[in-house]
Structures are given as structure tokens and as C-alpha cells.
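The structures come next, written out as C-alpha cells.
Two complexes are shown next, each including chain A; its partner changes from chain B in the first to chain C in the second.
Then we have the complex of A and B:
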């Protein structure tokens, strides 16, 4: 029982941390702080996975986000006018639209959480080794198409982003 | 108890590395040198830049040290002598080392100085070069062991070390590790000559001591990872297992540190091109080869 309560406390703590860092993303004017706040929000979610004994998913989340958010940080620094936030520039725009989209997104997420019947909560947790094995089998069977298409989409986005980044330089050289 | 032993061996290893690094950089071997240097750093004034991002400035060095310690936590020194034997140890090692990048970006951005900022972002560029070459060779290692647990990976090499079983992966991993630890010849993020020490440029006193200690721990963790993944970990005749781990790790670390003495520096864009055009292709070939060997001759 004490194990269970400790689990709940840690889960709640890192849940709150994830939300808090999510808020920090929009409260700071520094692009680097914003990107790294998003990173720590995602890391907190990774730790939540660990607390829920989904070891592979947790470690993967913690690893992927570190690199992704760092790369995102440099893109934000490249494309924003005041990346350090020291010029006191306001970087937000379309506030009314954002509020509406954010609100509807929150409602949709809550609906997904609350409305469907999730069935029985798992009573026993498979070992971390078994989880990794099950995930591998899942990725190479039923979910293979989804993950391969996701990979291709991300690759396309990467190529596009790189092109956006290098085109102005090519024009300057003319 | 285990944690204490591992931490103490880490501290001893870091000191040994500091001695070797001193020799590799300045050319003279001095056993007491690092101790005096550390004392001097602790006593020195901690200078703050004028308008720093204080949060990042303070967090960067500590995060680097934490990342190195986390990585070392999944490296087995002997059977049972490991801080935490995770079922996903090999992946966890990657996760911990990914935060080296975050720490360096923070430490580079924090002081609000041109040199350190350029160095921080430069390390991000270098990261793009080495990242895949850390992960893909480990994939092949895990394929042979049929596990991500570092202890299982060591025992899977009882017949034949991975350095001989998958030499391509071994070479790629060591080069990538040198890049990750920004050691010469891949130390342009640090760029002693050109960026006045790069990320370290604006750090002084205790903070610099933590930053340097963090880097030594990262180097040690990488050497330990190389030994675990490719050189049979604690396996070896006559001597006790822990002794083998220590000897192998220190030799690998010393070789990684001394490489820069004999090789010319490589510009990061050339490193990037080589890593992706040659390195990633070789790493893919390595995964394929290991897969075929594992299926045909199971050893």
C-alpha cells in the first residue's frame, strides 16, 4: 500500500511539474528558455512513464526530447528576432485564436480521458524486459505501417526545414 | 554500499583522467597537479558576466555532472557491482548522455558571451554528427545480446568480444564517443585557441571546477560504456572482475585522451559530412552484418 501511495505522490509531483514547465514555455520571453522549458515539461512526462513502470517508454521519452528540443531551440534562435528576450519584444500573436484553439484542444483531451470506457486497469505490470520485447513485436507487426509513415513524414519536414533555413543565404550570394 | 563503491571508483578514475589529460595537453606528467589545480579553482573568485541568464549559467555545469553520473549508473564494474541494472540500460545510457548536449547549450547560452554561445551551438552541430553513431552501433550490440541490459550485454561477450565480433561498430562508437566528450581532435566546440575555451570561457572558480569534473565523469562514463559494449566489461582471466573493468576503462579513457596528441583537429562541418555520408552508411551495414552473423553463426 505504501508503495502505491508513493507512486501516486511522485506521479502527481511530476504531473504538476510537467504542467508548470508547460506554462513557463509561454511566460518567458527568451526563446532558449522557452525551448528548454518545453524539454523539461516533456522530461517530466518521461519520468511519469517511469513512475508508472513503463520503463522503455519513459527512457525513450527522456532521451528523444533532449535532442529534439535542443534542435528546436536553435531553430527558434535562428528565426526569431529577439531570441534572448532581452529586447522586451512581445513574441505572441493571434491571441484570441490561440485561446480558442487551446481551449477546444483542452476540452477534446478531457473528453478523450473521461468519456470512453477504458475497461479494466491493468492489475499486473509485465517486467521491463517483457515490455521492451512486446513493444518490438508491436512495432514490427501491426503498427509498422503507422510508424514507417510517421518516420517518412518527419524526414520530409526535416528536409523542408533545412531548405527554409538555407534559401536566404543562397540568394544573398547572387 | 554499491553506490558508494561506484562513486569512489568514479572519483578515483576522474582524478587519473585529470592526470592523463594534463599530460596530453601540457606534455608533463604530474600526479599532484590536478589536486593543486582543483584547490586553486575552489579558492578563486567566481566572476559573473554582466547580464547572464543566471538560471542556465548555474544549472549548466551541474546538469553536465548529473548527466555523467546518470550514465555511469548503468555501467557494471563487476557482477552485481552496478548502481542500477535497468532492463533498458543501454537506452538509458543514451538518454543520460543526451543531456550533455542540453547542459552545454545552457552553459554556452547562460553567460551571455559571444564565445561561449558560439561554442554551445557549435556543440549542437557536432551532436548532429555523432548522435546517430552512438545509437546505431549500440543497436547492433543489443541485437547480439538480445537485451538492452548492460550486464547481459557483457555476459553475451563471453565467447568473443564485440570489438572483434563487430569491429565496424566499435570504431564508429569510439569516434562518436570522442565527439560526444568534445575531446581533441573533435574539440572545436571547446576551441581553446579560437574561442578562448568555448563553453568554459566565462566560467571561473567553483563553477569551472564543477564543469571540468562533469566533463571528466562524462569521459569516464563513455570509456566505461566502450568497455561494457565492446571489450567484454569485467570479463578476463586471473584478476578479479572489478580489476578488469578498472584496467580496461582507464586504458580506453587514456587512449581517447591521447588521440588528440597525434591527430590533427577536424572542422565540424567536415566531421558532420563524414559522419552522415560514411558513418551512417557503415553503421547501417554493421547492423545488417551483425544481424546476418547472429542468425547464421550464433556465438
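Then we have the complex of A and C:
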């Protein structure tokens, strides 16, 4: 099996896994299973990045999503009325409309994939070390402002999320 | 090679469709966040595929992927902040009951 064919097979396998686990997220009644399915879906996407030779992004995706989904599972158990899915509670609405919109979105995206002429595609990529070096240089030169803005945005979001979530002093005294 | 690009972009399209369905059909805020996460993951897959198969020599594409990851993290942090505030004031994060934005 040539390198390219192997890449295609693994890409298709982990791609199908990512979409399948994405579907399982909304099919299962147990919220913990939903969070785990999303974790598997995001991990499959991370492995797809590794298959596409984007080592740094692949590892980052797997590490970030593992943490993010663990937090999400905790929130689900905290906030869901029926986290185990034992009570047969229906937590969906406008199902038919959602299916239509999701289906149309999928078809539109597939049309965008199939219709254009993508031209020549690259056969080789820089080594992992060269990629990390290039990305580092990019972050500290041309994209410095965007990089700094992203950092500031995260900081602002952290402060905003904490401010929204904490109980105001006046309310605590009551 | 073009087939690999097509496969990656089709996975992105699939994730987008599933995420859109989830974000629209769920009544619980945490489940809606999951749908939005899948939509953002679709964008992420597309950006990495474009980098790999069209411009592997351009590190700015990886920069875009990092920005999408930042958006995913920020979206989750803010949404969970809103979920905690909503749960405290109304005792539920069911969006069917959220008819107004006033806390």
C-alpha cells in the first residue's frame, strides 16, 4: 500500500468515526454518553490532523478537547434534569425542521466540496519541526497582532464568564 | 491527492450538518453548545485540509486553525457562565423556558 493510499484509508476511517460519534451525541439519551461521544468525535478529528501530518495541531486538538469534554461532562451532570437518561425525558424540539435544515446544510457544504476545481494539490509537507518553527515565527511576526488579540479575547471571556456566574454581593447578603 | 482533500472536506460537511441539526433540535443549553462545537470542528477540519493539500508552505493557515480553537474555548467558557447564571436564577437551563434575556 503506498503512502498516499494509506493516508486516504486512515483519513476516511477517522472521518467516518468523527461524523458517527457526532451523530451519537444527539441520539443517546444519557448525557454522560453524549459528552463521551463528543470527546471521541473530537479525538478522531485530532487523529485526522495527525494523518494529515499536522502533528502540532493534532496533539493540541486531542489535549484541548479531552480537557474541554471532561468539563462538559461535569456540567451536564450538574445541570441536566435527567443526566443518566433513565426518565425517558424528551429534550428535543422542532425535530423535523432541524433535520431539514441540517440536511440542506450538509448538501450545500457537499456541493461546495464537489463543484469547484481545486487545482493542483500539494504532495509533500514540511517536517514537523519545520512546521513548528514556521508557526512560531508566524505567531511572533506577521500574525503577532492576531495572536495577542486571541490571548486578550480568552482573558476577557474568562473574566466575563466569572462575572456572569458569580453571585453578586448584594444577593449573597439576603 | 485530490481524493484526500475531498474526503477531509466531506467530513467537514458531515460534521457541519450534524452540528446544525443538534444546535437547532436540542432544548438544553449544554446540548446546544455541543452542536455549536461540532460546527466549529467542521471549520477546523476544513482549514487544516486546505493547509495540507493546497498551501502546506503557508503557516498562516495553521494560525487560522489556532484562532478557531480559541473561538471554541471562548464559546464554551461564556456559554457555561451563562448556564450557571441561568440555573441559579431559574433552576434550569432548558431553552424552551427562556423567552427573555433578562436575568
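Throughout what follows, the second predicted complex is superposed on the first by the 111 of 174 C-alpha atoms of A that agree within 3 Å, B and C clash if a C-alpha of one lies under 4 Å from a C-alpha of the other, contacts with A are read in each partner's own complex, and residues count from 1 in each chain.
In this section, a contact is a pair of C-beta atoms (placed from the backbone, for glycine too) under 8 Å apart; a residue touches a chain by one contact, two chains touch by 3 or more.
All figures in this text were calculated on a predicted structure; none of them were measured in a lab.
Once the two complexes are laid over each other on the shared chain, residue contacts for A:66 go to chain B alone; chain C is not touched.
With both structures placed on the common chain, the touch criterion links A:56 to chain B and to chain C. Looking at the superposed arrangement, the partner reaching more residues of chain A, out of chain B and chain C, is C.
Judged by the touch definition given at the top, the superposed model places A:25 against chain C, while chain B stays out of reach.
In the superposition on chain A, A:137 makes contact with chain C only, while chain B stays out of contact range. Looking at the shared chain after the overlay, A:36 reaches chain B, while chain C stays out of its contact range. On chain A, the patch touched by chain B and the patch touched by chain C overlap at residues 56, 60, 71, 131.
Of all residues in chain B, those touching chain A in their complex are 51, 53, 55-56, 86-88, 91-92, 94-95, 98-99, 101-102, 105-106, 109, 112, 121, 124, 127-128, 131, 147-149.
Put simply, chain A touches chain C in their complex at residues 4, 7-8, 11-12, 15-16, 18-19, 22-23, 25-26, 31, 34-35, 38, 41-42, 45, 48-49, 52-54, 56-57, 60-61, 64, 68, 71-72, 75-76, 78-81, 91-95, 97-99, 101-103, 105-106, 109-110, 112-114, 118-119, 121-126, 131, 134-135, 137-139, 142-143, 146-147, 150, 153-154, 157-158, 160-165, 167. Across the complex, chain A is touched by residues 1-22, 24-31, 33-35, 37-38, 41-42, 44-45, 48-49, 51-57, 59-60, 62-63, 65-67, 69-70, 72-74, 76-78, 80-85, 87-88, 92-94, 96 of chain C.
Residue ranges of chain A in contact with chain B, taken from their complex: 30, 32-33, 36, 39, 55-56, 59-60, 62-63, 66-67, 69-71, 73-74, 77, 84, 86, 127-129, 131-132.
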